[in-house]
């Protein structure tokens, strides 16, 4: 077997099970700290009042939505280059969480936009690109469900993810260009109140919370995918307490 | 000429075969038989470089070949279940298009000669749409006779062939073996070929 | 406590945002738990014979 | 046996030219054999463009602002409709296997097919655009710029679309799935393409839009055939 012996699903499965809870707990603690900063420590903004506190959810999830897609691209390149099933499973495990983060970013952005600009959707450059990113996630999901053979689904989704990842910067640039052309340099989400350092810290803490949450969820999900794909492999019978609730 | 080591293949999560090994020497024909669904087609597609094996290696003249490798594509011809004909094209157009795709530029007279050889003279200018399955198969045989390739991979080549078609197929294979080529074919019909050239692989 | 919920008049928007986020995260976690349990049962019910890489 | 005399060897190095010639000439001949189908797709483009004034207003000023956008969205939809034709019939009758097994470099063969697809769907749209632009009250320069942007943009639609067509070969829900996969990738082309005429009408120069579109075309010319060839291999696996 090639040098990536340790990356076989059988050896990765217990490792993922051991690692995931650590990330889950640290995500929970970071989230609590972030919310505490967001609501108790950060001052009321003189311009937007309390509405700006939504940024502590909106900005981290927006960052994560794009970051997750690029990580999926990374795993997809590995899956195609080295033909390793595990990398394809990792890419597959990230898709639902990525789509979820994108949805949250859009939802919170709209609720923040209403009090700030008076409308839920103002074709802001970042929000429009976020919406297109959501379509990219749905595209990968739809392709995954449309192909039955797992190996072909892995490789087809890998190609689509890579093509999508290459297009993300182009989409963001073209939407930015389109936005400034038509609306001029209107108030966009980035022109939020001057970034007091406390707000930045709050957002960074929430960003790490979202990141660790994503890692934990994708590790748990990749375990489920491994079980689904390798259900008849012999190493599965050695798993402790398989029939019971999976730890 | 062709060697297979420790080959394994899966379809979905069903294992088709595992640790499969065999050699095919020049001038020899390997007949792959076995009930349906045992992976005969998958094996041939792996040898042709269309499908990825889950394990094992394929050596062509001692050199390992990966799927889609240029060496394999230049030296081997694969005839699958589908006759690879365009319904809109005539028999002659189909033949010349397929042969040119393999990098060989036949003259019009060669095309006509080989078509008459497979008894498709009258149907030369008919669109493939109107030809019978057997006639469409014989266009495939005409292609085989035009291409000089050392390795033939034939997936159920005898299907839909009538007696004259079968005789033609036998002749073509005999000529290929005599010219030092090798053939791997999955088939159920017994072809009247000298047994000393044949080897059998039964997939259970 | 009441003014905390009021959020300076923006309560609907702030809690609308955080509330939906919480709901969506909980939904993902519970569907993940269900998928893991189903996968475990599926794997447990199968004969384990192949040792294909 | 007639075949005995031939010993034409295959130099796969110089294969790109032969591959292009083979695939373009073959696909064009195939397309011309089913000319009516091409006509139908072109009519689709004309009808979609004609629908919008009926749905909004015949008032010239408003139509002029909408014109480029409508021409472009209709071009997107028309190309999307014709993409399955690119590989589906070859996939169904087994010729795609032989293309994958040909000694010719596959990206070149695939590029030839994409070029033939553009010549039969994209180019007619570009030639028809000025005519339909008049319907939208576009004057000389705006009309010319829209047509030029379509000339540069429609090949990108074929190139990017080919990747989607290869990925969804023989897959359930092919048509709408292809739309979901490819339309988000068409967004930048739509923005720069339709934007070029808006820029001209706003008195700005469209050179920035057109050059960005040109850059997109170059990237697609290099990347798309490779990605499409890989996707076809995956579909044939």
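Letters are used for the chains, namely A, B, C and D, taken in the order the chains are written, and counting of residues starts over at 1 for each.
Methods note: contacts are C-beta pairs under 8 Å (C-beta built on N, C-alpha and C of every residue); 3 or more make two chains touch, one makes a residue touch a chain.
Fair warning: this is a prediction, and the values are worked out from it, not measured in the lab.
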Result of counting contacting C-beta pairs for A-C and A-D, higher pair: A-C
Chain ID, smallest distance between chain and overall C-alpha centroids: D
Whole-Å gap separating chain A and chain D, where each centre is the average of the chain's CA atoms: 32
Averaged-CA centre spacing for the pair chain C and chain B, given as whole angstrom: 53
Centroid distance [mean C-alpha coordinates] between chain C and chain A, Å: 14
Distance from the mean Cα position of chain B to that of chain A, given in whole angstrom: 48
Interface hub residues of chain D, defined as touching at least two other chains: 237
Multi-chain contact residues (two or more partners), chain A: 151, 231-232
Per-residue multi-chain contacts in chain C, two or more chains: 50, 52-53
Complex contacts: residues of chain D adjacent to chain B: 1-3, 6-8, 10, 12, 15, 18, 22, 26, 29-30, 33-34, 89, 92-95, 97-104, 106, 233, 236-237
In the complex with chain A, residue positions of chain B that touch it: 11-13, 52
Touch list for chain B against partner chain D, complex: 48-52, 67-68, 70, 73-74, 76-78, 80-89, 93, 97-98, 100-106, 110, 113-114, 117, 145-148, 175
Of all residues in chain A, those that touch chain D in their complex: 80, 132, 135-136, 138-139, 142-143, 146-147, 151-152, 155-156, 159-160, 162-164, 166-167, 170-171, 173-175, 177-178, 181
Complex contact set, residues of chain C against chain A: 4, 7-11, 13-14, 16-18, 20-21, 24-25, 28-29, 32, 35-44, 46-53
